[in-house]
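What follows is a pair of complexes built around subunit A, which joins subunit B in one and subunit C in the other.
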Partner chain A sequence: MGYPHKSHPRETPVLSKHFGDPAARTLDGWKARGGYKALQQALAMEPTAIVDAVKASGLRGRGGAGFPTGLKWSFMKIGDGKPHYLCCNADESEPGTFKDREIMRWTPHALIEGCAIGAYAIGAETAYIYVRGEFIEPIKRLEDALAEARAAGIIGDNAMGSGKKIDVWVHRGAGAYICGEETALMNSLEGKRGNPRIKPPFPAVNGLFGQPTTINNVETLAAIPHILNNGAEWYKAMCLSSPKSNGSKLYSVCGNVSRPGNYEVVMGFSFKEFLYDLCGGPLPGRKFKALIPGGSSVPVITSEEADTVKMDYEGFMEVGTMLGSGGVIIFDDAQSMPRQLARLARFYAHESCAQCTQCREGTAWMTKILERIVAGQGTYEDLDTIFDLAENMTGKTICVLSDSCAAPVTSGINKFRGEFEALIKGKRSSTVAVGV
Partner chain B sequence: MEDEGLKTVNLTIEGRAVSVPEGTSILEAAKAAGVLIPHYCYHPGLPVAGVCRMCLVEVERSPKLAASCATAVAEGQVVHVYSPQALEARKGVLELLLINHPLDCPICDQAGECELQDYTFQEGRADSRYHEPKRFNPVEDFGGDVLYVPNRCILCTRCVRFMDDVHHTPVLNVSDRGDRATIGKAVDADLTQPWAANVIDLCPVGALVSKDFLNKARAWELDRTASVCTGCSQGCNTILETRDNIIVRQKPRSNDAVNHFYLCDEGRFNYRWMNRPDRAETPKIKVADVLTFVDWEIAYAEAAKALGGKRAYVVASPALSNEALFLLKQLITKSGGEGVFRCRTGPEAPLPGVADLSLRADRAPNVQGAELLGYTRRDADVLGGLRDGDVLILADDEFEGLDTTAATKASAIIVIGTVLPLNIPTPTVVLPIANVAEEEGTFTNLRGRVQRFLQAKAAPGLARPSWFALADLNAAVGLQAEHFLPSSVFAALASSEPAFTGLSYETLGLYGAPVASVQAGAN
Partner chain C sequence: MSHGPSAPAHAAPAHHDHAPYAPVFTPGSARSNELADLITRYPDQRAALLPALWMVQEDRGWISDDAMREVGDQLGCTAAYVKGVVTFYTMYHQHPVGQHFIQVCTTSPCLCAGADDVVKAFLEHTGCKELGLTSPDGKYTVIEVECLGACGFATPVQINDEYVESVSPARVPEILANLK
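Moving on to the complex of A and B:
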């Protein structure tokens, strides 16, 4: 992790190696730590060779969906006569996720290098980094680093003397959660209201400004230089479990836990050891009760389920949840799940872009029902309505925001129904040990 | 449908085989198969938004339900519109659309022609499971003819897309997010725009209502008649809606060759004159310089006597039908006279998003017809050709702005009109005729398209349809002119006027057809 605590010996710091080290922020400091070698190497390669290397590394999208990055890049047809664009999704607005923020704060050059390599690999001359509006410090660090890189000729019309044009720009968002959805991000970048677009057409065909576009997460792009420097095999080998999940992954841990923060471990790490050893386990006198392991949009699991998980894309799927963005939210036995889930639903109701009926009305209705249950005014019928509503909100809209609201709520009710029923019966939740 | 070199895609919708050009949406393909998939945000004249999610259908071998407006057809697709899964999903959408809806149908102008009512009745739940307080926002005046009732709004964004993509005047937007979202209006602009009232027709619910029609009538009390707008020479197809013999609303009738789905505000509200009470209702003749009610036959005879051998100088209104103008032309030809007209003009107002659609400068529906039938346009000096001893026939020209003394050259004045013009010397004969809403006929628009209009209400008093009165008048002066139907007048017109060759009421149908010269030009 490196910041604010020291790195744990069982971590595998690749992306987080220089967290907490202000010297790594400067161009000289970054070069001294091996920076921009990968870009130099990449610019001498054929773009397809870079795509092949990324494919071979097994790197998958770190933003949440886990789509193979090399495959995504290969959708961009080089030489089709159209301008291509690379968008870096740095909107990181998923509750419980704060890994990209640290990458941008401590190693902005890593992201710039990743963007430049990615842009070159997909035939783009322009890369946009769309940063969440609230990220004041990361934006400052990125812009400082960009200015240095531009002045040094690393990016620009003649990137590193290769004769190739690669420009990277920072665009500051205005704070809408939905702008982290890739098509809404493109609309926002174009100056329009940040509404998700209907797919197809997919961004690789018709993306930013109607041109072929690839959108990658910060963590994904930041991993690219490491893959080129150390080889695809090295990256692919960072795996303790499923051959379909490779490399290191940053996890943002928050909630009722002794050592919240960012941790970097290899794929397939034991979740139980991660929680109790690296993160220090629950607070004194408490017990873990429930976890949302991949940012607020994924289904809730119980701590018993968490104990069995291998931390990779497949491992989290086995217990019915997802690796997602790697934002681990931990609830201990002092928390009321109905209250937590009502709060979560309220977030989605607030952030719905209002396009699709199911999302606009469903998230708000869901919130109202949950808040009524929390206030002791719920009925058993309400629980049935929530499940029916959740069914209506799943798989029927343009983007997955409404699915993301339904998933934690229904899984939470399924796993902690007793707490809901206790509230409905007019009692305080029996499983809550300490005051809510 | 196989032009433009597009491949044909074959698919099955609700068990019916359909073939449509590739790129067609499932929703449009279903229409072609005779299946109307319920929808709100989709409109054929607007870009696809795919937001209401009402048009969800089941496509075999597809993991999710498809929004049929935004999904292109694919070869061999099997689509189920009424499968339990699709019905359940649409029922869910309807429930969500209604949770915050005020259900104020009894006081809503849209009731009876509301798609929210229709689809809820068809597929919705009978009850509500919503126990929370409903969202409330006050009614807002959007300017022009438009009131916005946000509580009824389903945020389909048709109005926003019309103003952005068709009107090219981006006045409306979606403001705020989540269930707080409403349609917003730009602060420094409003819907006082030439074509803005179309948003009222486009709104599938009662969220955008017309101030003009507010609380005037219930939709189910109205009789609807196909007509043509008389506001300008564009000839937009319209529906005249009457209640108890009074026109209460004019709406566009879609015709892709003329006005697509739209009607300009000026044309839309140009219907009140059709209800005017100060009409010429009975035939009259001049007896001792006073107009006296007489029987139609006496009036015809009196008119024939006045004409007897004299030159007829006909000032015709360019709002008269082709049929009336044709019969007048026969009279002019027989007498060796001349036919003239004048037309009021005004500024043009195009609808930018639609090709060749505009509020035209000529503010009359049949300027082209008058010209094709040999009438001379004399805007500045309509009586300039009147010679001493001529019989002046005022054919629905109301003499407005003309000098009374100019008419004194005439040996007699015959008024064939809906009203008796003021400021003229006492006419010899007055033949009262029906106005456009009260008779059947055709107009020729500025592109030479001949279009029929039908009778929407009864004419007052003894007034007769113009073709009827003129045919009888022509018979009285000895012309072969016995007509029992407007279609027979049109048949005579088509056989004697080369421009109209080959046309008949049957071939015109309700969407019209171009005159021969335009057809030749097109080929």
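Moving on to the complex of A and C:
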């Protein structure tokens, strides 16, 4: 299958295998596709054995940071007498990213199974799936699937007859990008404003309701059943490049491209072939100009730089950017980079929780200055001011929202300075690309 | 931070003899039972705050100061605390909005696809003069929204609970005509 396109022959559909197939949404349909075998197997294992298997698979967090999942789970001390919690981060709000939405819409049981296994592995009896408030259809799919799983005794007080209690609940957000930051998510789930918390203490020590907590992304948890079913070695072997990046990864591709959509390839796939073969290349008569490969928070790269990349955590870092969430935003030669970056800065200014001065003021001023340049009212000094602001916005705040605003803006100016200077020199506003 | 729709400019001036507030969570009501059931999912009843606010908004269309006080009473927190939470999140309406609440995504990937023109088309065809204002017939409110997480289907528009994907300005009249 595949959605919105049929899977390309060069894709490796593991998580996306049943995208576009409504029959996979029901419990019967999911079981017919091998569902809940991994949970059954997991409930007969020691939790530490599951953690070891996930460690051995090489799975790293798919939400953006790429932290090794098995290692994160190992921070939870089983038998410490405290209630443990698993939070699934389904607050997918990073511009350019729309993969978790498809996992929840098409294969809700895959996520529930991953949550149940994860909860058991970290000694938790309760897992909460925190879904962004706008995702009403995905929430409905999850609620329907949870009701079926509960009625069938797959989750609940005696999960699959194991004697273990595992509850999974959906918790709906209400519109706040920052709640995708793990400590903000916990505050929001507790019924508070979604302000990030200072770390340490880290969630594994003092998380949700003050108890040891693990937070994993939707895609990370959905991969867990496959790892148990097929073995850690099978997962680890899905790698064409760096031994530190393993498995399949979903990429959401959007912007100025022939076939936007979700694609799943193994780690280390050639970015050039991905863009021109799988995604169909640029729109007719256009050329790719710039890309933000990992969701809007990572540095901008040029299409020339993109051509050399092997798609894995290390490969994107080699060209100074990040794999991030796998949200690939493509700008072609008809787009004005100053205008696009000004809009992106406005996103961060809107979404800042306003706790930290550097972020509240920095994102707002960066937006004002960029919009001034786009309107043809900029000066050369403005560019210096932006870099000065960016320095104060990086590494100085409770969370990385302000860093995430500074990174695409400064890299965008460094790589497309000519477009900014042309606007400043010509003092004319721009909605389309100007001479570089 | 919340930047939701503003109070409709054409709204009648606030009248001071307004009817007494009718609670949502009347003892024994379905909503009251639903909330009681929901609270059992969490070790702290305050965690049911966002879900409780959703119930109010589903029933009333928006969240008034009186409703905030009621929710606070239900969950053991002050009205001021509840207001602090309501104002943090963009999706809670602090004023009545049109029957069809139209949110057009204009963040970068959608901007590339021409989302600005989609916004203009909605404003023009709904009769809403400005973003955030409700049309004179009370049917529509149009706002720009930050990333809806459907960037591959640019431009996505959320109308009440539904996503409409791959919206172009040309499709806007037909989309509006199909709204019930």
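Rule of thumb we're sticking to: the second predicted complex is superposed on the first by the 425 of 436 C-alpha atoms of A that agree within 3 Å, B and C clash if a C-alpha of one lies under 4 Å from a C-alpha of the other, contacts with A are read in each partner's own complex, and residues count from 1 in each chain.
Just so we're on the same page, contacts are C-beta pairs under 8 Å (C-beta built on N, C-alpha and C of every residue); 3 or more make two chains touch, one makes a residue touch a chain.
Note that the structure is predicted; figures quoted are calculated from it, not measured.
Q: Examine A:193 and indicate which partner it touches, taking first as subunit B and second as subunit C; both and neither are also allowed.
A: Both: A:193 reaches subunit B and subunit C.
Q: Of the two partner chains, subunit B (first) and subunit C (second), which one does A:260 touch, if any: first, second, both, or neither?
A: Second partner only.
Q: Let me test your reading of the model: by the given contact rule, A:397 touches which partner, first (subunit B), second (subunit C), both or neither?
A: first
Q: Kindly classify A:132 by the partners it touches after superposition: subunit B alone (first), subunit C alone (second), both, or neither?
A: A:132 sits against subunit C, while subunit B stays out of touch.
Q: With both complexes superposed on chain A, which partner does A:209 reach: first (subunit B), second (subunit C), both or neither?
A: After superposing on A, A:209 lies in contact with subunit C but is clear of subunit B.
Q: Does subunit B (first) or subunit C (second) touch A:354, or do both, or does neither?
A: It touches subunit B and subunit C both.
Q: After lining up the shared chain so the two structures overlap, which partner does A:296 touch, if you call subunit B first and subunit C second: first, second, both or neither?
A: A:296 contacts subunit C only, not subunit B.
Q: Could you say whether A:95 touches subunit B, subunit C, both of them, or neither, answering first, second, both or neither?
A: second
Q: Which partner does A:385 contact after superposing on A: first (subunit B), second (subunit C), both, neither?
A: A:385 contacts subunit B only, not subunit C.
Q: Identify which of subunit B and subunit C touches the larger number of residues of subunit A.
A: C
Q: Between subunit B and subunit C, which residues of subunit A are contacted by each of them?
A: 176, 193, 350-354
Q: Can you list the residues on subunit B that touch subunit A in the complex?
A: By the definition above, subunit B touches subunit A via 48-54, 56, 63-65, 67, 70, 89, 92-93, 95-97, 99-100, 129-132, 154-155, 173-174, 176-181.
Q: Quick check: in the complex, which residue numbers of subunit C touch subunit A?
A: So the residues of subunit C touching subunit A come out as 1, 3, 41-44, 46-51, 53-54, 75, 77, 84-85, 88-92, 106-109, 111-113, 145-154, 158, 161-163.
Q: Within the complex, which stretch of subunit A touches subunit B?
A: Answer in residue numbers: 176, 178, 193, 198, 349-358, 360-365, 368-369, 372, 381, 385, 388-389, 391-392, 395-398.
Q: Using the touch definition up top, name the residues of subunit A that touch subunit C in the complex.
A: 4, 83, 92-98, 100-101, 126, 132-137, 167, 169, 171-177, 188-194, 209, 252-256, 260-262, 296, 327, 329, 331, 335, 339-340, 343-344, 347, 350-354
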